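Reviewing the structure listed below.
Labels run A, B, C and D following the written order; every chain starts at residue 1.
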Amino acid sequence: MLDKIGIAKRIAKEVKDGYYVNLGIGIPTLVANYVRDDIQVEFQSENGVLGMGPFPYEGEEDADLINAGKQTITTLPGASFFDSSLSFSMIRGKHVHLTILGAMEVSEKGDIANWKIPGKMVKGMGGAMDLVASAENIIVAMMHTNKEGESKLLKQCSLPLTGVGCVKKIVSNLAVIEVTDKGFKLLERAPGVQVEDIIKATEGTLIVEGDIPEMIL
Amino acid sequence: MLDKIGIAKRIAKEVKDGYYVNLGIGIPTLVANYVRDDIQVEFQSENGVLGMGPFPYEGEEDADLINAGKQTITTLPGASFFDSSLSFSMIRGKHVHLTILGAMEVSEKGDIANWKIPGKMVKGMGGAMDLVASAENIIVAMMHTNKEGESKLLKQCSLPLTGVGCVKKIVSNLAVIEVTDKGFKLLERAPGVQVEDIIKATEGTLIVEGDIPEMIL
Amino acid sequence: MINKKVNNVKEAMQGVESGMTLMLGGFGLCGIPENAIKALVEMNVNGLTCISNNAGVDDFGLGMLLQKRQIKKMISSYVGENDEFERQMLNGELDVELVPQGTLVERCRAAQSGFPAFFTPAGYGTEVAEGKETREFNGKMYVLEKAFEADFSFVKAWKGDEAGNLIFKGTARNFNPAMCGSAKITVAEVEELLPAGSLDPNQIHIPGIFIQRIFQGNNYEKRIEQRTVRKRD
Amino acid sequence: MINKKVNNVKEAMQGVESGMTLMLGGFGLCGIPENAIKALVEMNVNGLTCISNNAGVDDFGLGMLLQKRQIKKMISSYVGENDEFERQMLNGELDVELVPQGTLVERCRAAQSGFPAFFTPAGYGTEVAEGKETREFNGKMYVLEKAFEADFSFVKAWKGDEAGNLIFKGTARNFNPAMCGSAKITVAEVEELLPAGSLDPNQIHIPGIFIQRIFQGNNYEKRIEQRTVRKRD
């Protein structure tokens, strides 16, 4: 079974040469640490920066330089700042190649819910609705089940949606799963996890074909 | 009767303190030379400059610094450059207070035609359609009649329109005319011009009420 | 040059009244109009509708107005950092319209630019699209969204000049440019106010035509929400 | 950093074919992609649809392509400076779509920004609005206009870096920024190409994400159409 860092490491393998990537808050933010350093990649943050670097050294934080998670950051050579309008031109206009974000629920049709629990929690969608409505390639980083042990990979989302039919791939603590026309398709198992564990933890239709390899991190 | 410079001088009196003004090609461009220098005014050109100054001294022309008439220009302190998109945000968003442009025809309803003579001449509308569709205050600078002596102030335009019901005022070589709900209203006569001359040169409905003063330049 | 300078925040706030709709720049606490927000607290205007990406934190930014119940309605994209906000919203004390972030900024820009409405893909198939016109273009579905209408817009820039020209710094730019000229009156506060002619005309982010009043702000706190650092090796 | 640098205009033009739709930056002869236009002349591609505010003059800019009948259709706002253009158009040899200037740039920006359509007041009640949807918002009439679709976009900047970041100069900026990323492939030519990290991230007009290829242009003529000067006193 993977921890958060394991999930980030596995997703990092999905980042290809020449990609502009938008990383959501939480696990997705960790992905930047594990991308191969022999490929050219730039990270975009929707609050207005392209070419994000690592967190600043202590004492070098700049209040005017943060990412969309409100964390202090740095920039790399070739970086640029811009306003929110141009930032969402990048996102909506499909100039960003890959979006990695968290989710509370994903359906077997690729619907995603991650911004609201009616009557309980309302954080807002932030830029997620624009991202999922636009990105060609959307990967969800999430735990396979919630705290109560209930599956978060469902036939149908129960929570208000963030976007419909948009999720392409899910990397959870248990598995790598592709969203296909016919439902969730199991691609890889996390180290030490059995196919049966994944079947048990997945409420939505899960397609298991042939031998399922253990993922390589 | 006014010449082009006279028309420009009369229109210059319509420019008020605090106005951002867009000047069209031809007579309107001359207006900038006659605006009172004790008021604060900025000239916008839709190709992307605010705060235009006079033409450059010989030898100081910069190919990267022109107005919408493609003339070399200079800028004044407080000037700014921007792209065409933001330029038309200024225009469409009603941030430009006054638009002065030429016309081939104006109707008594305030319609204007100035971009096309079917089968003969097609220059295009440039920014004029955006300007007349948006500006609160549009003044037309024009000759009262064409080369054949026919009126250009008509009941109805015969040429393809640039905009409908938008012209507020006309300053011609003969008169200052306001466009009202009831038609053209004569406000002022050009020096040496009689009311009868103006009536004769105006095809559209012309309202003449009381004594018509001679304009002061 | 048309001079937009006013002497202080008090002059800049002239005409702000209870019940108005206000736009406020910033993303989180980054690039927020600190001086204007403090003035709103002091003026004690209430029944406000605030358009701002976030709602501050409990004791800073728009959170200060929430604490005093000055806000009737918030129009934002993300409000996860503010407990008092969530409490007021879940209790029905605060009216909230959550808008996708890209739609939020474009509704500001539409107001700035004279566009009444535009089609965007964000929110199609979600509750955000409920009651709105949807339409297919080239096989994809879009939602019709409308320009905001606001009375005042408060923005914060790094440098400005007396003509109202603005330059922003880093990611403190965010929503500020799109909120310039998108309300009846736009008030800009700047860290450094310079004479006209001091800024390179080629490097101005927002020309003064979009600004009605500009003033030199002071005592900027610039709070950091998530101080994240790495250790030196 | 994602490197966008190509070695010369020939590499930059790879994939351009007859029958394609091209966007070309510039206003009059100011800020036009001179190197790309000359390459199009030399490549002798034809049947082109060109989206550009103007059509050059008879012997420079897009006028060079018109002379060789390489253009099938022009989409522009103003074409008054080009006799050959007017001749071809009035004779029906050239298809022409005249678009209000603000609508022209916004149709580019819509393509860049993922908006399929928007309502604008320009052209309402004129032949520009014929066959298009019109609608009232707040008592005023607007026309629905759609995003352009283009194969290549050619833009010209002052300075650029290898990451594709661009800075424009003076009024040579004009249509260039809105045409970045509004076609399948955007090619930028610059007067000065610098290593990544040479430009201040705060002063970049267009980030490299919108650019696929960038090259160092040469032999810029920068012709002046209307040389207007005043005498020294």
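Just so it is clear, contacts are C-beta pairs under 8 Å (C-beta built on N, C-alpha and C of every residue); 3 or more make two chains touch, one makes a residue touch a chain.
What you see is a predicted model; the values in this text were computed from it and never measured.
Trainee: Please identify each chain that touches subunit A as well as subunit C.
Mentor: Looking at subunit C and subunit A together, the chains touching each of them are D.
Trainee: Consider the two chain pairs A-D and B-D; indicate the one with the greater count of contacting C-beta pairs.
Mentor: Per the contact counts, B-D leads.
Trainee: As a test of understanding: of all chains, whose mean C-alpha position lies farthest from that of subunit B?
Mentor: A
Trainee: I'd like the Å distance between the centres of subunit C and subunit D, where a centre is the mean of that chain's Cα atoms.
Mentor: Measuring from centre to centre gives 32 Å for this pair.
Trainee: Can you give the whole-Å distance between the Cα centres of subunit B and subunit D?
Mentor: Subunit B and subunit D have C-alpha centres separated by 28 Å.
Trainee: What's the distance between the Cα centroids of subunit B and subunit C, rounded to whole Å?
Mentor: 36
Trainee: Where in subunit A do residues touch at least two different other chains?
Mentor: In subunit A, 49, 81-82, 88, 91-92, 134 touch at least two other chains.
Trainee: Give the residues of subunit C touching no fewer than two other chains, as numbers and ranges.
Mentor: In subunit C, residues 106, 109, 114-115, 120-121, 168-170, 201-202 touch at least two other chains, as defined above.
Trainee: Given which chains touch which, is the overall layout a line, a ring, a star, complete, or other?
Mentor: Drawn as a graph, the chains match no named shape, so other.
Trainee: Could you list each pair of chains that touch one another?
Mentor: According to the stated criterion, the contacting chain pairs are A-C, A-D, B-C, B-D, C-D.
Trainee: Which of the residues in subunit D come into contact with subunit B in the complex?
Mentor: Going by the criterion above, the answer is residues 27-31, 53, 76-81, 86, 89-90, 96, 98, 100-103, 105-106, 108-109, 120-128, 158, 168-178, 205, 222-232.
Trainee: Inside the complex, what are the residues of subunit A that reach subunit D?
Mentor: Residues 18, 20, 40-42, 44, 49-51, 75-82, 86, 88-96, 134.
Trainee: Mind listing the subunit C positions that touch subunit D in their complex?
Mentor: Where subunit C meets subunit D, its residues are 106, 114-121, 137-138, 140, 142, 146, 167-170, 201-203.
Trainee: Of all residues in subunit A, which touch subunit C in the complex?
Mentor: 45-49, 54-73, 81-85, 87-88, 91-92, 111, 115-116, 119-130, 133-134, 160-165
Trainee: Of all residues in subunit D, which touch subunit A in the complex?
Mentor: Its residues touching subunit A are 1-3, 109, 111-115, 161-163, 165, 181, 195-197, 201-202, 204, 207-210.
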